[in-house]
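Several structures are given next for inspection.
Common to both upcoming complexes is chain A, partnered first by chain B, then by chain C.
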Partner chain A sequence: MPTPQTPAAGRPDGPAAGGLVLLILRRLRDGIITLALVVAVIFVLTNLVGDPALVYAPVDATDEEVERLARAFGLDDPFLQRFAEYFVDVFTGDFGDSHWQKRPALNAVFDALPNTIMLTLAGIAGAAVFGIIGGIMAGARPGSVFDRVNNLTSVAALSVPNFWLGLLLIVVFSLRLGLFPTSGKLGWSSIVLPAATVAIVHGGRIFQLVRSATVEEMSKPYVLVARSKGFPRRTVLWRHVLRNTGLTTATIAGWEYVRLWGGAVFAIEWVFAWPGIGTLMINAAHRQDFFVLQAAVIIAGAFVVTSNLLVDLMYRAIDNRVKAS
Partner chain B sequence: MRPNRNRAVARWLLAVSVMALVAAGCGGDDDGGAEPAAPVTTAAPADDGGGGGGDAPAETTEAPAPDTTEAPSETPTTEAPMEDMEPQELVIAVTTEPSTLDAQVVNDRAARVVTGNLFESLIFRDRNAQLAPGLALSWGPVDETTWEFTLREGVEFHDGTPFNAQSAAFSVNRMVAEDFETQRGSYIRGILSAEAVGDYTIRVSTDGPDAILPLQMAQVPMVPDGAGDEMNDSPVGTGPYMFAGWDRGQSITAELFDGYWGDGGSIDRFVVRIVPDKQTALAALQNDEVHLVLDILPEQIDMVPQAKNVPATEFSYIAFNTYVPEMSDPRVRVAMNLAVDKETLAASLYGGFARPNNAQHLTPESLGFNDDIGPFPYDPDQARALLAEAGYPDGFQVTMNVPIGRYLRGEETGLLVAQYLEDIGLDVDIQQWEWNEYRSAGRIPGTEEDALDLKYGWNSNEWFDSARVASHVTCGGRSSKICDELVTEMFEIGVTVVDQNERDQAYQRAWARLHENPHAIYLLQQDLIYGMAANLVWEPRLDDEYYVAEMSLS
Partner chain C sequence: MTGAGTEAGAPPLLEVEDLSVSFNTRRGVVRAVDGLSYTLDRGEALGIVGESGSGKTVGSLSILRLFGLFDDVTVTGAVRFEGRDLLRLSETEMSRVRGGQIGMIFQDPLTSLNPVMPVGEQVAESLRFHTGASRDAARRRTVELLDRVGIPDAANRYHELPHSFSGGMRQRVMVAIAVACEPKLLIADEPTTALDVTVQAQILLLLDELRREMGMALIVITHDFGVVAATADRVLVMYAAQPMEHCPTDHLFQRANHPYTEGLLRLVPRFEHRAHKRLRPIEGQPPALTEPIAGCPFEPRCTHAVDRCAAERPPPVRLGPSHHSACWLAEERARRETAPDKPWEQP
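This part shows the complex of A and B:
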């Protein structure tokens, strides 16, 4: 759908709206190119690392038995032919059938996908509360008890592997306190610990950046002027400082969300036996169940692309300056 | 604002201090773990594991559930008396999700934990790992290439269809079909087809004399006539439990089948929960969320309410390439066997949950086990003498190949064994491999240049029959780098002659010969260790099967 390039003229929302559509279209185009690259790279990589028929066959299988499986898997066609077919299939929505699961690879991914979405959203929400609100409050009064405790927590959370933190939470909140189930997805309470792990680790990083941005902003002359004019500290903080640190905040929060999809959440899913696509991918990789692995990577890639687009749109909502570019 | 903030601070302080306390607690646990004798119930020693009597798995009677006897299935309205009885539910944790539940397709342990309870084969294994009547009452050869099976009558599938010759023949034919993708390939090797020759009789034909057909048929699960792809996610068998649900990525549930032909179990339903991380699974066990965790490590025994172990059908070894000039002399290979202290290996790396391999990759229950042969003693002096006698007083250079992350403590074993070999004067290079590359490299014939000199691996003999090892020790065998004519001849008898006694004798001769002319450094027989809830009553089986009908909750 071509967008008419209306000249700026007098109506202020005209160019902005047109620019928005253009931006989305441009990003979608980039996204599709990125995904095409992802498809190519993942297909080549997975097919380079091994032989799915050999992994599927029993340990003592004869050459003939392995060949028979390879034929059944369609692996005896030339590599380029399989690549071309896969490429075309993927863009028509056919991600192939899993030989292990005996069903379309996409079904396996769609079974797991809602769980990962749920966990990343709950986790990033927690991370935003801890990181953004905590960071602003800590940055407003650097050196206070609140600042020190949260600072210590976030540094500690950043210094340990996320799966280890997950295990620690299991030991404390499941085994010692008996508040939540250790693992699985048995009810609403099951999401608390994995989401808290995401929130602490990723919120910790958000906290660090938001805090330092706030400290810096608070030291600017306009804050001093506003304060000396008698504006309450709270007003200055939440009305002016927050707005000026908003871009940093949105960038880092969006980036942390994208990081989750880039793999950070997968180890957490694994530890908590959370049935998301991380666990699915790891098992698929072990089994060289290529179609599932490829589908999962491509879908996760699509989430990264979409999330990036949403972050960009968020910038525009937050900061007028971005609209110009 | 202020009070809120204080509360938040207080909460964080609480959390931090709780974590600190727990960290301290963990430290304490670790210290305890260092002590060798743990205050845990460990199963009676090795040989007792299978001593529970020779009845077929499904026939084991464990305190029958009062309800099942009282309310026979005909009347669906007898729900009321169930109310005061809490249905017994058992939860087993596995690390990987089964890829499908079609028992004819899958063979990994996680899948068998489920399918072993839903499906049955014509032949069972009893608790001593011996073949026993299952859905077939008797069987025997009709001629060189045909076996006849007489089937049990009155057996019903979970969907109500009868089990008979037609479904049995269909089951075999479905599995051996050219385009059927199965991981049980080794169990259908040589089988051509099956046909019904009566209502309850089938004949199975093979492409040559096949002495191991009965043990193969023990791994060919019976499915209803006409079964297709729907078996992947809604399996139907004849077992004591019937499929109830599969929550992908999370769990699989099965319920007691009240139309079962034998004695069912006392557990009303069981759930197989997928918990990929072993630490998490152990936490779930401690938290009473699961009752059974498979494959725990020796050092994790302190963490579980109850631990039991059973000798596994897993034998670790280091295979020789006997085509390498220095190792072509049997004396050199015997010397290398004498050089390794197996007892120390078992005690140090496996906490005692392993024992020296009887130099034959067989459990004592297996066909062909030779009682006269035991582990090579640890005798480095004699090893050096033998090396000198063979013309290598100063040793020689050799490469030991070890896969990464495949076998429990495999890398460490490689290092330790290399150390022992260097003690008798060899110069050992260790090369580590990614598993799939290793698997391919391991199959390069010994006569070729790229063949591996020394190859570490575990051989699993879940057949309880020497035939399982044939490809490792016979001339031209798939994984063999040795060619001994007597051994090859004896193994030929073992897989073609039907008379079990004759097979047994042939294998015993082969193992005796392989003791003088070793194909490998025989290392250990490993244990399987299970973490169990305090109230789970179960004796682990020798055959790595997990029949819920044999388990109960106290």
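This part shows the complex of A and C:
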């Protein structure tokens, strides 16, 4: 099959396998740089703003204890030396020990990690159903009852803070109706409400974007041409419109997933006491457990970087498939 | 108005009767077509001319009931195609007519094709939908069609996306789509407006050839009297949503009756024009379509208008077997042997 040699198709990272590997390597490099920056910012914040020994020490420590701590951690070494050591530690997986949980900070994070992964995946799946399928159906018939109901829901969901929506769901579905546990992780039904919160808030944003992309696409001249061939609206939508909006749609959903790891999911975890990274971070902060907090922030950062990379690769894969079909 | 004589008993291919189309918009009700009537026989070609906004496109799209998906439209009158009123068909019945019995070509070839679907597939999908042809049969027929409309190396270009085709080539693909199922009627809405002059002529020639080969009737919408002269047997002149004059194409250039037609013809540049015979634009603007018009819509701009013109809408006056003019002065004007102000009639 001849590939059209036009500017649009002749991108540097074409469908060739070599280009793809290069792309992945380049993105990994960017990701590592990003993470290094995150680490650096955390270090600077904890070491330059205030006395690090005070930050790491328990609240009720005496001056003497703080001094001992500082010596033990090598906090009286020169700044740059400490910075370099910290870097090496972090990138070799040594995040320090949790004085609260009396074990390596990383272990505490890894215990919480699967729960956050589970919640983000369940949440984004729900968000995709509401946002993508709902957005397409509403965009295909703007002004219909289906459109109005969903549009209203998504606007409402977007105009309240996500934790507030979580509380609302708890009040209605746990306290009033008693259908689901209010908090914690007690069996499978526990995930329903936090995942629903994610689905409604993030699905709401996906819905808005997908809906307007669909409405815009449906008004294009080629849609009129497709209709002039006799195709009913459904066929026009599936055969023609979705081929054009599919890429945008997948990317929108992917970005929402990245956004979850960037922080959006953590407040929801806290509201439902879902034992994930967000809840861990907040507990660690309360207990002045900075090693755990740092580890959690860096691991979450790693997930942002990785999911960003995956969204990017997915975009390429769909784009190339569309171009090559 | 009736067209050229039809065989006794058999209905004409297309009979548009008192068609009116209005859009309910936020700015009010827009009457885009108001009392349009004409007939078209099998194999016949009708040109529809008129300035921008006169209702040519809406009038033709309403034959196929193709309005914007989100428009609030009211359509009255009748559009009888082989005796069946298309305005009364169900959506399912209508989808057999669209693309199957009536094909349509649009103005802008650059946006008419789906940018992410191979061009061949865009022709083949219509064949498969209407004829139930197998994938292979549809593909073979598509290659033949692409070849017929003048796409070089059609078999290989089948798989290419529209962006690798020029405007003229895309319009050829569009023609292939429209005629794929050998429709009985082809509607071409300004098929050449977006193309450059040499390509325009080629596309018009192609349309004319295909019409003869397939025995299709043709409605061609245009601003350009050159296009009318090249393709149409008869001409319908529209102004402000209403039909003004309807006549055989050769009458148009010799015996145009309506003052509006006359005004339009005066805009056509001619080689015989000397420097002192400047093109004279029609003074004034077309009326807003949101306001009701009591009389003749052209009256405010017409240099011949009499009192009656503003008060009462003139009915179409029959001046010959297929010549009608909606003007109170039609008969009087028809009696003049030659009009003194027709520069194009000079030797």
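Operating definition for what follows: the second predicted complex is superposed on the first by the 273 of 325 C-alpha atoms of A that agree within 3 Å, B and C clash if a C-alpha of one lies under 4 Å from a C-alpha of the other, contacts with A are read in each partner's own complex, and residues count from 1 in each chain.
Note that a contact is a pair of C-beta atoms (placed from the backbone, for glycine too) under 8 Å apart; a residue touches a chain by one contact, two chains touch by 3 or more.
Predicted model only: the values in this text are computed from it and were never measured.
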Item to complete: Give one of first, second, both or neither to describe whether A:T92 is in contact with chain B, with chain C, with both, or with none.
Response: neither
Worksheet item: If you stack the two complexes on chain A, which partner ends up touching A:E65: first (chain B), second (chain C), both, or neither?
Response: first
Worksheet item: Counting residues of chain A in contact, which comes out ahead: chain B or chain C?
Response: B
Worksheet item: With the two structures laid over each other on chain A, which partner does A:L175 touch: chain B (first), chain C (second), both, or neither?
Response: first
Worksheet entry | First, second, both or neither for A:R239, with chain B first and chain C second | second
Practice prompt. Quick one: classify A:S159 as touching chain B (first), chain C (second), both or neither.
Written response: neither
Discussion item. So in the complex, the part of chain C that touches chain A is made up of which residues?
Written reply: 64, 66, 68-70, 91-92, 94-100, 103-104, 106, 108, 111-118, 125-126, 129-130, 156, 159-161, 163-164, 174, 177-178
Discussion item. Taking the touch rule as given, give the residues of chain A at its contact with chain B in the complex, in rising order.
Written reply: 49-51, 54-62, 65, 68-69, 72-73, 98-103, 108, 111-112, 115, 137, 145-146, 149-150, 152-153, 163, 167-168, 170-172, 174-178, 181-185, 234, 270-273, 275-276, 279-280, 282-283, 286-289
Worksheet entry | Contact footprint of chain A on chain B as seen in their complex | 1, 5, 8-9, 12-13, 16, 18-19, 22, 25-26, 96-97, 99-100, 102, 105, 107, 178-179, 181, 183-186, 189, 229, 232-233, 247-251, 273-277, 279-281, 283-284, 286-287, 289, 436, 439-440, 460, 468, 471, 478-479
Item to complete: Report the residues of chain A in contact with chain C in the complex, numbered from low to high.
Response: 1-2, 4, 6, 8, 142-143, 215, 218-233, 239-240, 243-244, 322-323, 325
